[in-house]
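The following pair of complexes shares a single chain, chain A, combined with chain B in the former and chain C in the latter.
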Partner chain A sequence: MTAAALTTRACTRRRTLRLRLRKYGAAFRVSLLSQLAYPAELWLRSVFVVVIMFIFSSLWHTTFAELGRATLGGFTLGQMLWYLALTESILLSRPRDALRIDEEVRTGQLAYQLARPYNYVLYRFVTASAERLPRFLITLVIAGAMATAFSGELSVRPASLLAGLPVLALALAIDYCFVLSISLLAFWVEDASPVLFIYDRLLMLLGGMLLPLSLFPGALATVARALPFSTIVYDPASVIVSGDGEAWALLVLRQVVTLAVALMLALLFFRYAVRRLQTNGG
Partner chain B sequence: MRPWQTMRFLLQLVRLNLRAAMAYRAGFIAGVGFMALNDMMWIIFWTLFFSRFPALRGWTLDDVVTMWAVVATGFGIATGFFGNCRAEGVRVIVSGRMDYYLSLPRNVVLHYLGGSISVAAFGDILFGVLAYALAVQPAPARWPLFILLALAVAVIMLSFGLLLNSLAFWIGNSEGLGQQILNVMITFSTYPLDLFGVAVKVALFTIIPAGFTGYLPVTVLREFDPWRLGATVAFAAALLALAMRVFYAGLRRYESGSLVATQG
Partner chain C sequence: MAAIEVSGLTKQFQVTVRGAGIGGGLRALFRPVRRTVTAVDAVSFTIEPGEIVAFIGPNGAGKSTTIKMLTGILYPSSGAATVLGLTPWRERTKLAFRIASVFGQRSQLSFHLPPRDSFDLLAAIYELDQGAYRKRLAELVALFEIGRLMDQPVRKLSLGERMRCEVAASLLHRPEVLFLDEPTIGMDVIARQAMRDLIQRLNREEGTTVLLTSHDAGDVEQICRRAIVISQGRTVFDDTIATLRREYLGHKVIDLTLSERAEPLQYPDVRCVEHSQYRMKLEVDTSRQQLDLIVAHLVSRLKVADIAIQDPPLEDVIAAIYRRAS
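And then the complex of A and B:
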């Protein structure tokens, strides 16, 4: 093969890749714009964030004051509230994409989606991320402002927040892969939402959303830290709040491994699920 | 309608709704079980919390479990048997489906409220009763008081829901707003009132009456106080009367959608 032919092939590959990326980029943009088209809904959703932040701020304020301690579980009051702001933002920002996938499977709509010229898993990931992004940011801004107002100090360094972006992105990606795997269970069970419900509750409790894992009793804390839920909730939030560089590097490594396993699981489920797909009529 | 006729009608309504929900037995059991599990998760949270910090402004784990038990049972009764007091009940008003309830010779507000049920709410009732029995282990004499207070909480929740849904007669589709306000009410009901400052406490006994559904019942069950019990029951009755008045005032503004539909 001549050098010219090799160059042409490389150019074609690059163009194909660019076109593919542009396709998902367009899907991301459309999904983001449709989210931003209803700003009132976005802000109305934040009412719950305000209430829960207010209640938990009062709870931790009282607890710190009654015990007369400067730190609890390694967190100062301000850090505890920022930890809460971050964990709330991670969990409350998740769109209802799982229920949509579940419904698509049950109604057979999925057959139409699969016929389209895109990778279904990637397309879903891109659109769900676009839907999650504004929700995440709005929740974090509101919850962070409340955490700062309640503690009277900005307990997170802006540099830590910036460095936390990759761990937050990885956390959301891991969460998405688990949610996708659970949604695809709809191929085997009538309704996958109960399993999703349990997953949500495990994230809230064993992930450390309600109470940091450092405040769990010994054995339970060890178990909870070993489970993948902590890579989605507790670890990203505590690393950002503490600003510990060494813990950050270890977390990124752990998250990459967890993401690889979660992605493989999701793709495996998808592969087997599609084989079970049956379409009738037009 | 005479009171006994109303009661008979109510029982028939509940029976029919339950039979319809039980038609999908697995779904019914799952709905009930998962809601009970959801409530249980909060008890686990509080157990972990109190294992580290034994008391919170005088509140103990037993107090918080009692609060959860009363609120869950009351909320379960309200939304389990009178499902249209949930924010979803607004859809009946805005889509013109009130015609069905208006055209029948039955108590309109009762028929509207009992027009649907929430299966998951029975999980709340199951959780509430079990949590109180197993975790708090009260003396047998406390049970009638618990039931009375749970019923009062149910009336407050139902009335508050009805008031919020009645907003739809004036401002149109208020489902999102109503849902958020109801969420605020339920959330505040399940946290110790002593965590908050005076201004919030006042708000929780007026605008969002969560103080009557969470705080007062717990203090009565902790140490019997006839005045506080009387205040809870009286508030429930007054709120119900107000909610019905507002609902009927709103009903005068209702415009039929001339919708033709079958009612299950």
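And then the complex of A and C:
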């Protein structure tokens, strides 16, 4: 083969790859635009976090004052409130994809989604991420402002924020893969919401949403750390707040492995789900 | 090569049978009883490129299941099918670039955004380069007359306007085969007619093969030249619309205008379906009576000012098919 032919082939391959990837970029854009179509709704959705932050700020104030300690589980009051702001933002920003997929299975809307030339799992990941991004940022702005106002300090340093961003991105990806796997259960049970409810509670309790794992009693802390839920909630929040960079590489490695397992689970579920798909509604 | 070739296509589903009441619910929980339902039963047909075919049948006949197998969404239990030479469920992604489907009761456009954003997304999904996309978009905007709708949020469009955008969106990648499932459902008379004209024009100008599912006799009659009727998962008719109308009901309608008043006609196997002072509409069972004898009888007995012999309306034919199925 001549050099010119090789160059042409390489160009064609690059162009094909660019066109293939462009669809996910376009999906991200349209999903983001849909979210931003009603900015007032986005802000209103975050009102709930004001109530949570107010209650927990008061509780932590009292706890720190009563115990007369500067730190609890390695967190100062300001860090504790910022930890809470981050964990709330992670969980409250999650799109309701599980409910959407089982509705799509029930109504037959799924027929549209599956008949398109794209990777369904990747496409949904991209659209869900675009949906989550503005929600996460707005919730964090509100919750972070409250945390700063209640503690009188901005407890997040730029270096720890930088270290925390990849951990946060991986956490959201892991969460999405688990949620997608649960959503795909709708192909079998038609209503995946009970399973999602259990998953949510596990994230709250064992992931460390309300209480950092460093405050858990010995055996429970060990179990909670061993489970994947902490990689979604506790790890990103604690890295961003405490800037504990010592075990950062190990933590990222653990997240990557968890993500790989969660992704494989989602792909496996999808593969079997599509084979046994029974679309409803004619 | 045929555009669509279906041979013995069968789809069976497993459904859980649940008894009534709390007892039934508990039994289903611990000892579920499963039943096999055959949604599509050895259906076979061939559609040539450029044909425009109605695929009709009552609710639950298996139409949508067949279309979903032909678009690669569902795997069949047995049988074979090719669309543009590809096996849909094995080569779904490859096929997706060459076909399109529009489901009247579902939307592929983002509800809160203008159609233009969804069009941009679909162009990216179908990997169209910018030049080709802009050219095609201009063609479709002109053909479907949707220029003024392109920048309004979809939620603000009427159903007719939205459906025009839906069909235009599905044609961006120049599909060779178009599956239309109830494209005129819920539309008013004018919007429905506009949609029918567009489908015909598309078929004529671009040679797109169309498989149309509709319960609307007008859609079938005005758009299609051939019909495949499916009932309880089986093909019960596959021929031209004219044949369907002529043969399926086995009767003709004689429309008489009289110059003198007359009583409703009493004649074996002839039913008077409409009667007024100077008009009479008769339905003749052609499987039992000879039409020429009836006409001779009418002319000899009545003062006939005008006479028209018609096939029954397609609506009646479809209603009869559905009645038989149920």
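Assume the second predicted complex is superposed on the first by the 277 of 282 C-alpha atoms of A that agree within 3 Å, B and C clash if a C-alpha of one lies under 4 Å from a C-alpha of the other, contacts with A are read in each partner's own complex, and residues count from 1 in each chain.
FYI, contacts are C-beta pairs under 8 Å (C-beta built on N, C-alpha and C of every residue); 3 or more make two chains touch, one makes a residue touch a chain.
Keep in mind it's a predicted model, so treat the numbers as computed, not measured.
Judged by the touch definition given at the top, the superposed model places A:58 against chain B, while chain C stays out of reach. Once the two complexes are laid over each other on the shared chain, residue contacts for A:115 go to chain C alone; chain B is not touched.
Looking at the shared chain after the overlay, A:191 reaches chain B, while chain C stays out of its contact range. In the overlay built on the shared chain, the residue A:19 is in contact with chain C alone; chain B does not reach it.
By the touch criterion defined above, A:38 lies against chain C but remains apart from chain B after alignment on the C-alpha atoms of chain A. When the two complexes are superposed on chain A, none of the residues of chain A touches both chain B and chain C. Chain C meets chain A in the complex at residues 13, 59-60, 63-65, 68, 71-75, 92-94, 96-97, 101, 103, 106, 108, 110-113, 117-118, 120-121, 123-127, 129, 153. Taken together, the chain A residues at the contact with chain C in this complex read 16, 19-20, 22-23, 25-27, 29-30, 33-34, 37-38, 107-112, 114-118, 275, 277-279, 281-282. Residues 41, 44, 47-48, 51-52, 55, 58-59, 62-63, 66-67, 72, 190-191, 194, 197-198, 201, 204-205, 210-211, 215-217, 220 of chain A are the ones that touch chain B when the two sit in their complex.
Residues of chain B that touch chain A in their complex: 26-27, 30, 34, 37-38, 41, 44-45, 48-49, 51-53, 55-57, 176-177, 180, 183-184, 187-188, 191, 194-196.
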